[in-house]
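The two complexes that follow have subunit A in common; it is paired with subunit B in the first and with subunit C in the second.
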Partner chain A sequence: MRGVVIPISMVPGNSVIHRISPLPKLLLAGCVLVLSFSTRNPAILGALIVLGMVMVSVANIWKPFLRVMAILFPILLTLITLQSIAPAFPRPWTPIVSMGPFTIYQEGIYSGVTMVERATSMTIFALAAIMTTHPSDLFASLQKIGMPYVLNFILTMTLQLIPILQKEFTTVLSAQKSRGLKGTGFAAVLPSMVPVFVGAIERVQQLSISLESRAFGSSGAKTSYRSVKVSWVDYLLMLLTTFGTCGLLYWIITDPSLDWSRTLIFAPWLAITLFTLATIGFLIFVIIAIRVVLRA
Partner chain B sequence: MSGEKPILEIKDLTFTYAGAETPALKNINLQIFEGEYVALLGLNGSGKTTLQLCINAVIPHMIMGDMEGSVTVQDLDTAEYPTRELAKIVGVVFDNPEFQLSQMSVAEEIALGLENLGVAVEEMNPIIHEVLDIVGLSGLGDRSPFELSGGQQQRLSIAAALAMRPQILVMDEPTSNVDPIGKEEVFAVAAKLNRERKMTVIMAEHEVEVMAAYANRIIVMDHGEVILNGTPTEVFSQLDVLEKAGLRVPQVTEMAYRLEHDRSAHWNSVYPVTTEEAFQRIAPLFGGKHD
Partner chain C sequence: MSTASAKPVAKKKRSSRIPLTYVVALVPVAAALNIVGGQINTILKLPIFLDMIGTAVAAIVLGPWWGALVGAITNIVSSFISGPIGLPFAVVNVVGALVWGYGVRWGLGKKYWSYFLLNIIVAFLCSVTAVPIYVFIFGGATGHFADMMTAAFLAMGQNLIVSVFSSNILVSLADKIIAGFVALAIIEALPANLTANIQLPAAAGGLKKVLWIAGGVIVGAAITLIALAVAK
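And then the complex of A and B:
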């Protein structure tokens, strides 16, 4: 089963990025999200991606980062394929080439490429924040900026549950195989899901009794063991991030020349290449994914 | 013990799970005093877990069913106090170590209960250190609970319960999912708490030899009823009753029985239950020096 569940968790390290408090990192990830959704300019989105990659380099988390992207990126590629032939864009559309029943449109390629850029830039910053922060600090920060205690707790538990259920699934599957169950295909995977699912329910019941026995759910004031310290450096960083984002937003909103959808012309060969690469990339991913799941 | 007030008193307790036809507990009457180490013996399904869930009010507050009679801990009637409000009196450890843990680190696992009680943050670290020290997990505060061995996880569960300063520690087959070395560690911690801190321990367990050595009271359950209740010596001397309930006695006790039946040894109905006791009583038969 290894490799099927996306491993998103902290990568231990001592880089500058690791040492910054989680709050500025979360803020930056949030700002990039806002920026990415407010522009379709490929150059601005590209610049955000480059900035994100600089962060990944400084934090020295390329390997785990690429492992996640290897799964995410091929899925994003479908955006280019689908958008090219059916743009989510106001008509009129400018056809570039026709292949049988399909026509690739200029606006479609533009839309597809910028959507992929958007998703990529958001993901990079979110991953950089998650992978350089101890999960407990992350949750403590989320609580600090107003996430309710119970929601926070549910999120923590869910994150804990994923690797446990994965391990249980592997155990059950190998037990069933050793009992002579034909070990390939979904026919083998499905019967293993049932005991894992039943086990999960039992686990949650038992855990809720266990938590209640430790006064979980008491009325009365609660305290919080983990706390995030925010230094003046963090405040400065947050201030800079906010100003930078506001400036960029102002530029994006007021400068109509940033809309390149009609001016950035894709040559037919480039459009076909992009379309083909995206489609092939996605298909290869699907084939590999199916094989991994079936082999598990 | 006669004039003393029991820390746990169960009166005419009968409980039937919602949807079940027969009661899981039938007319239980028990008094348990501070500092006792009580072992609960009985086959699977005899009602040990159900009885233990009544002690900290999981029954009737979290599990549906029909409860008659009363359970009182430290003068508090469990019908009136939900589980979370008894956390400072009753700590519990269940059989499956992983099902009780939920936090990112050992220290946070212990802090969870303290947070719920609203203990001040400055007071938490000393408490965490203290309870980790008691259960022998010092220095593991930053580890993930899920990286620990089964025995360590159970000791962490004990530590998490201890942090809330309970007077009663209820343990439901705490070693049934733990390797042999881990079992020893868990038993040792429970014995130490009982001996050094007067902790009242109520443990369901199948290891009769271990219980004969540690417990000062044995309660035997069968089909939801308490069929025996007394010191290890009193209880294990009732071999016929235990056999009828499908239970074993310690191996030395069994040997003492056979010596009585095959070799006409006489124990005056007081059978040895630990190796040490057996040795003390058998050794003189062989003559020679002993001191």
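And then the complex of A and C:
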């Protein structure tokens, strides 16, 4: 299964972004998430994307970042196709061109483009935060700000168990194939879930005894293998992020001129080009999906 | 103390019967199974989700709120691995866990037909929760197999909300029936101390229950095939 799963993990480095504590990065990703969902202005969303790109450049993680975006971006393009023909906007809609049973609407193109921008902006910041942060540092930081250690332990354990279960699935599927049984599709996947889970339960029993022997449930301060220091720069960054986000939110809420849904007119050739490119991407995805399903 | 004078032992809640360390160890396993199931589903491009089997197991065995925790953790952790698109759908996973957990506790897991009905209720409520997320956050598409069905329903003249619901309910029915019955098979294979007081169709034992599980999976797959035919 390796190489097929979307490869999002920490990219080692010593950039400024890598050196920042996980908390400001997490806060920034959260703030961008809030901002992305609070506006449909393409310029603001575009500015967030550019800011995210700057962050990726400073962190020097272009190669792994583009590898992930190459998988996610064609998926995002389906938004333009569906929105163009059925905008998530109140009527009336302005038709641009009719293509068989479908009509492309001005508001649909606007909605599709802004939704792609929205998804791209929040993905860029989330990826930049994840790719420059060691998962254990992230959880250690969260514990510092009061996250219960039981929840922290569960999250860390989940991350550690994923590659183990992936390996066990591969083993079970290979064993099925070697016995002449199916190795792909429902017939292979569903029965393999049971032995993998039951095998994992044996680990759970050992882990449970191990936790008991180390007094997991006892009271008192808990220590972490990795320690994370939060400097004054990190606090300053968190302060700036919070104030910047609040300021932008106030602007977005109070300035009605930021709604360009009725004023930004897409030229018909541009609308058709966008729709065609997105639809080609969508159809390629559909054809691959149908072929794989029929084979399974 | 004589037997007659002994006070009856109060029936404890299910989650309190299992030691905390065991629960703490079981929750990550269930969440990891969800994530790996979802990844396998993506790799094999199956027209379902396969990311709620662990949720169903945890909700039924440990309790609805532990299942909800598994559901939330699944989407939070998978957003670290495959991008933040799945993050808002944590609500759907939580709803599924609560319905499975409380459904079994309210007696819907006693018989095969009621357990089957429970899975259909889970599918329906999950779709009702997921559709607003699809439409208002992602504009109706997330790059899943169901998008092509949404496009087909749109071509038939339906509006976006109805189209997304129509495609999602078909996929969700197949997914939750399969998840429910695979979870049943997993629960049967768990140690007896974990499942001693859970009322599930497994009580009859033998080949019959296996056939029922297989039947559930086949019906789930049949619904998926019908969904595929509709998409064409």
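Side notes on the structure shown:
Just so we're on the same page, the second predicted complex is superposed on the first by the 246 of 296 C-alpha atoms of A that agree within 3 Å, B and C clash if a C-alpha of one lies under 4 Å from a C-alpha of the other, contacts with A are read in each partner's own complex, and residues count from 1 in each chain.
Heads up, the rule we're going with is that a residue touches a chain if its C-beta (ideal position, glycine included) is under 8 Å from a C-beta of that chain, and two chains touch if they have at least 3 such contacts.
Note that this is a predicted model, so its numbers are computed, not measured.
Residue contacts after overlaying the shared chain place A:M157 against subunit B and subunit C alike.
Of the two partner chains placed by the overlay, only subunit C lies in contact with A:I85; subunit B stays clear of it.
Among subunit B and subunit C, the chain that touches a larger number of residues in subunit A is C. Looking at the shared chain after the overlay, A:S136 reaches subunit B, while subunit C stays out of its contact range.
After overlaying the two complexes on the shared chain, residue contacts for A:F216 are found with subunit B and with subunit C alike.
In the superposition on chain A, A:I252 makes contact with neither subunit B nor subunit C. Of the two partner chains placed around the shared chain by superposition, subunit C is the only one that A:F197 touches, whereas subunit B remains out of contact. Contact with both subunit B and subunit C is seen for A:L207 once the two complexes are overlaid on the shared chain. Touched by subunit B in one complex and by subunit C in the other are residues 135, 157, 160, 164, 203, 207-208, 211-212, 216-217 of subunit A. Interface of subunit A with subunit B (complex): residues 134-136, 139, 156-157, 160, 163-164, 202-203, 206-218, 220-227.
Put simply, subunit C touches subunit A in their complex at residues 19-22, 24-29, 31-33, 35-37, 39-47, 50, 53-54, 57, 69, 73, 76-77, 79-85, 135-143, 145, 147-148, 150-151, 154-155, 157, 159-160, 163, 178, 182, 185-186, 189-191, 217, 221, 228.
Interface residues of subunit B facing subunit A in the complex, by the touch rule stated above, are 53, 56, 58, 62, 82-85, 87-88, 90-92, 94, 96, 98-100, 102-105, 107-108, 111-121, 124, 146, 157, 160-161, 164. Of all the residues in subunit A, the ones that touch subunit C in their complex are 1, 4-6, 8-9, 33, 37, 68, 72, 74-76, 78-79, 81-83, 85-88, 101-102, 111-112, 115, 119, 122-123, 126-127, 130, 135, 150, 153-155, 157-162, 164-166, 169, 184-186, 189-190, 193-194, 196-198, 200-201, 203-205, 207-208, 211-212, 216-217, 282, 285-286, 288-290, 292-293, 296.
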